[in-house]
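In what follows, chain A forms one complex with chain B and a second complex with chain C.
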Partner chain A sequence: MTERGKWHERLRVTLWTLIVPPAIWAGHFLMAYLWTAISCAKAGTFATFPTLFVVGTLVALGLISLSGWVAWKQTRRPGDSAPHQDSTDIDRLRFLAKSTLLLAGLSFVGVLFTALPVVFLRNCL
Partner chain B sequence: MRNPWFWLLVLAGLTACNAEQSTLHVFGAEARAVRQMALLLTIGAAVIVTIMTVLYVRAVRAPEGKLSHDRGMRMVLWMGAIGPTLILTALLIYALPAMRPRATAPGDLVVRVDGEQFWWRVAYDPAGDLSPLLSANEVRIPVGRTVVFELTARDVIHSFWIPGLAGKMDMIPGRTNRLVVQAEKSGRYRGVCAEFCGLSHALMAFDVIAMDATDFDAWLRRSRAASAGAIASRGETLFDAHGCGGCHAIRGTSHDARIGPDLSRFGERRTMGAGIMPPTSANIASFIRAPQDAKPGARMPAFPQISAADAQAIAQYLKGLK
Partner chain C sequence: MSLHDQDDPALRAAQEERLRAVWKPPQGLFLRWTDTNNNRVGVWYVLTAFGFMLFAGVLALIMRTQLAVPDNELVSANSFNQLFTLHGSMMMFLFAVPMFEAVSIILLPQLLGARDLPFPRLSAFGYWSFLIGGVFVSGSIFFNAAPDGGWFMYPPLTTRTDLSGLGADIWMLGLSFIEVSSVAAAVELIVGVLKCRPPGMRLNLMPLYAWYILVVAVMILFAFPPLIAGDILFEMERLLDWSFFDANRGGDPLLWQHLFWIFGHPEVYIIFLPSIALFAMLVPTFANRHLLGYPWIVLAAVGTAFLSFGLWVHHMFTTGLPKISLAFFSAASEAVAIPTGVQIFVFIATLWAGRVTWSTPLLYATGSLAIFVIGGLTGVMVAVAPFDWQAHDSYFIVAHLHYVLIGGTLMPLFAGLYYYWPLITGKKLSDRLGRVAFWMLFAGANLTFFPMHLSGLMGMPRRVFTYPAELGLGGLNLLSTAGAYLFAAGVAVICVDLCLSPRRSKAQRNPWNAGTLEWLAHPDDEDWGIRSVPLIESRYPIWDQPDFVRKVDEGRFFLPDAEEGRRETIVTTALDARPLAVIRLGTPSVKPMLTAIALGGVFIFTTYHLYWAALVCGVATLACTLWWLWTGTAEIPEKPCKPVGHGIELPLYLSGPAAPGWWAMFITMMADATAFSGLVFGYFFFWTRHADFPPADMANGPGMMWPMIALIAGLVGWLATIAARNIHARGGVARARVLLACGIVLSIAGAGAGLAGPWMSGLDPQVHSYPAIVWTLAIWTSAHAGVAAIMQSYALARSLAGKMDPHHDADLRNVSVYMHFYALTAIVTYATIGLFPEVA
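For the complex of A and B:
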């Protein structure tokens, strides 16, 4: 593969990319509350199948999976030898990538647990 | 048997004899679903604790060098993260449908209950009928039919809880909450206020009577038509003379005030003072003369000026109302 194609390897995880999965989780959480509040205030009831909400959830899950996959790739970047706990560039990268990966896992479950009640519940009270 | 622990266990076991007010002794579909869930969670938790204890003991007792770090980390990943996530997801999917209220149809019986310090105002079918059937401190429901409780409060927040029938529902002033239930078994049960509401919060209970649907219909028809069952008596005159009718209503008489509990069919009730004592003449008489002795903070004023004999006469009159 050309260098151009390996965008996920060129993209270095940083503290900023670390917060991407939790930020998506937070955004989805906010969306769930706003969507519920607006549906209940305007329509008085949930939609029987909340299409907009399901699409939003799938987008959030997709983005979290993508950032998790990038992080996973970065944790496997070759560099210094194990145990990867020194203050070198590659060890720092691997640490940040591992943290991002774990946060992505947590955020994925978080989004899922936030979305399930909306899909199951039907009334506004 | 001098072991105190044995007697403590016996005492704890004795609480199982309470079939009137128990989340474990259910008579409604909603409470049954909750009990099932609680049993599943309890048994599941016990199984997990047992497994973890066994693993813990084995790990502690294992000779040095016998456990591999790698396998330990993999166990943490599976049993500490992936396993719990899967179990919690499964439990969430299992439990969420139970949060959906039972479906209602336009013809379903609506019972409106208002919580007040410290009693329950009950009205059957407030919307359907011009004059709803009023009652207090007693709720009757038909078995096998969907019943909609419309719950609100007049003064502070109360909570309507019939443990054997369904979960709790808050009663909030200015807001009407709906609780949809279905009783599965007839019998006499007990409900309570489950939100601290003042001095006599613990003395705010009510009787719940689940009746066969045909019996219920007959009772509702009879009660709607009924006039005061008691014949003219000294008690009635005294009730009138002391102004009891300024707060209490009795169907079929000129008393129709709605400040205090409705006393029509008082003689039918199994308890008085919102489920706190049996309605004997002595109890009723002493309640009339000093309600705060039985219920601290009760809004009913004391009537010490009524003689004990007169209070007894009023009690007799009230007991005759059926």
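For the complex of A and C:
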């Protein structure tokens, strides 16, 4: 590891970074819910090609992937011996990073699940 | 003090004598109930919740007896309504949620090597609130006044006073009171897990039980407040005839369903996760190895917590929402099966990889997983909207939810009971009776609830007090009833086992040979919690750290003494558990109990429309709270630091983001902000429901002037408080006091101006949902302005009384946290009611 490190190695890892991927899922879910609720109630129709939804979904997937990639890099931070469950800085970092990576996987699937109905359903009934 | 000082047995005996004196429980017929130590309050809590469970179970037996044969006349339709409503409400609010809080209050300090949780008096307050509210709600059935609208209390059946009596008020107000105690417990548990871990116990070494509790407590902060918001609207409609759920006056009953289920679905996971957390403790013990996949459990807990907030509409699949909305919730409901499955596989893998000791607790654990998985699979079925349209409100749902709750909450708690009984009492329960009871429960649960899948699909609706013989459901129902009695007999066997316990001899220490900290507890338990606060280097310190138990017992770790005669514990940093300070804990006191009684009076008198008495109780609640805070918190210590052993000196006072009190304020305000967002959701929900909102004849709403004046007063008051905090910290005490005084005036002005808007424009909340929700938002924000004035006055008074100075400014820092949230509330409210009508 170099003295300065790459940008993703300098990020501070906390409990807040752990919940970034599921928070993005939550934001996307809320967007999906509010978007259909308001457009169905106010406009009475559902957009035939929902650009906003597609863009929002791609942004969410991108951010989740990014946070997963950073976490993956961090889980491979060298130092200390396996099984990485000691009371050291590096083991705590690797633990949080691994948990974040797993959550990123779940959130990615979650966003895909939420996006799927729009492929099949196109009206407000 | 050096390490070797502890070699001296006389010194150790003297330390123990001092600790024993400090932690001595209060004696006497009444005073013993003023105790705040977690080992006593937790046990009262558990016993009370267990009692409510038995009571609610008896209600279920009466129902099953009524349904045993067609056209039965054992109970009337009216009584049956009360039975199922109270059964569901009690099991949820008076058993499952409080039981998790109770178990955590007992276990958490032990698991974290702390002497107690950071706010022991808050735990006691929570317990007394729970007891009073619980007795009030459950006792109503003896007066034929129990709630009878189903545990979800759907309006308009329950809001129309000609259709439902006092029961609905008892449900709303009694359970609101208990929701307050749940939020109090959440504050206690979050701060406990994040700030009271022993040195060295970083996040990656935390017992998984603590991870689960952290996650669940955070869920409570976001799940319970929407229900509190709903309760407020509900009671405004019932008591004052404001229109929120009445479709004739611009209201919408679906708003209640949204607010209820935003609470109600996470609630299922709030009671499931802490129970499954017990498995994370007992599975490694009986597999005789570390739990596999520690981060996977964290994934499961955190992932479930998030996803569970995207499921609420799956209780509303048949309400006519757009299909596309249903599909989003259906997708999330399927997704939640992933993290739930992950944790079950982790447990199975751990057992597979270990050397399994087949103990009674493990039997319960595996049995409950089997039951839970069946409930989970039917859950995946009903998450599919078209299937749910068929099964909705039928006994299929009853079967599904009981499989989930018995497998996911009740049986795991019995596993925990058999596992942790030696920790609490020093004695093991009977393996023989335990196994007999297990097989009765296991067979009984399946016999009761499996036939309900069939009777449901054959068309038996929920919540009917009887059914005609021609439907051909008699046989299945009789089976269910027989199963219910078998299940109840199993519970009775467990009760017998518990009653025989006092006659048994003590077990050895750590009887299961577990590796986690809580098993340091000695069969002849002392009240001090832990002899010395250990340095943690492993997830299973008793297994992995050499001589660990002896070192703790001989006081060779931290804080082995109580030189100043005070109850103390160590506060550490949230991520890495580096020691920060020693805090002084609350001692036994009557104040929490009196506060709970006064607050209970507010809710109970309001139920009976005795508003003057309720007001007196409200003032008494405020007085008790201030008395409690003034005498018991943010005390300036007699010296700045104290040694805790190993050459480490820790400060005795903390303020700002490092302090537990600051966190408690922040967490409480998160809950408060969530409740507020429930009300704001109401406003915009009505907006989506109406073509013109505000309605044409009140297009100006409360006008723009008064809301803007209120907003400016609120924001300037906020800035004044922040300035007071900063100037005070730099030594400008006099200027800070002037700023606080200005802040008080501004807060009061903000409160007045906030109410002036709807008042001066003559909005009548009984006419339409628009004025009703505007009034509600204005009152909510003005009430917060009033509380801001009280808090600013409190900080000013502390300063004048010499209880706060620039180096000891926790009060002022905590008040400024409140002020941040108040400013946010004011911005959202006044932008919504003052500006939104201009753009809508």
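In this section, the second predicted complex is superposed on the first by the 120 of 125 C-alpha atoms of A that agree within 3 Å, B and C clash if a C-alpha of one lies under 4 Å from a C-alpha of the other, contacts with A are read in each partner's own complex, and residues count from 1 in each chain.
Quick note on the criterion: a residue touches a chain if its C-beta (ideal position, glycine included) is under 8 Å from a C-beta of that chain, and two chains touch if they have at least 3 such contacts.
Since we're looking at a predicted model, the values are computed, not measured.
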* Using the superposition on chain A, decide if chain B and chain C clash or fit. => fit
* Once the structures are superposed on A, label A:Ile38 by its partner contacts, choosing first (chain B), second (chain C), both or neither. => second
* chain B versus chain C as contact partner of A:Pro117, first or second or both or neither -> both
* Asked: Of the two partner chains, chain B (first) and chain C (second), which one does A:Val54 touch, if any: first, second, both, or neither?
  -> neither
* To do: May I ask you to name which of chain B and chain C touches more residues of chain A?
  => C
* Contacts of A:Phe95 with chain B and chain C, given as first, second, both or neither -> second
* Consider the C-alpha centres of chain B and chain C from the C-alpha centre of chain A, and write down the angle between them to the nearest 10 degrees. => 70
* Which partner does A:Leu66 contact after superposing on A: first (chain B), second (chain C), both, neither? -> neither
* Once both complexes sit on top of each other, what is the least C-alpha distance from chain B to chain C, rounded to whole angstrom? -> 5
* Asked: Which positions of chain A sit in both the chain B and the chain C interface?
  -> 109, 113, 116-117, 120-121, 123, 125
* Structure fact -> Per the touch rule, the chain B residues reaching chain A in their complex are 81, 85, 88-89, 92-93, 96-97, 99-101, 177-178
* Contact residues on chain A for chain C in the complex? -> 14-15, 18-19, 22-23, 25-26, 29, 32-33, 36-38, 40-42, 46, 85-87, 89, 91-92, 94-96, 98-99, 102-103, 106-107, 109-110, 113-114, 116-118, 120-121, 123-125
* Can you list the residues on chain A that touch chain B in the complex? -> 105, 109, 112-113, 116-117, 120-123, 125
* Mind listing the chain C positions that touch chain A in their complex? => 200-205, 290, 294-296, 298-299, 302-303, 305-307, 309-310, 322-325, 327-328, 330-332, 334-335, 338-339, 536-539, 574-576, 688-689
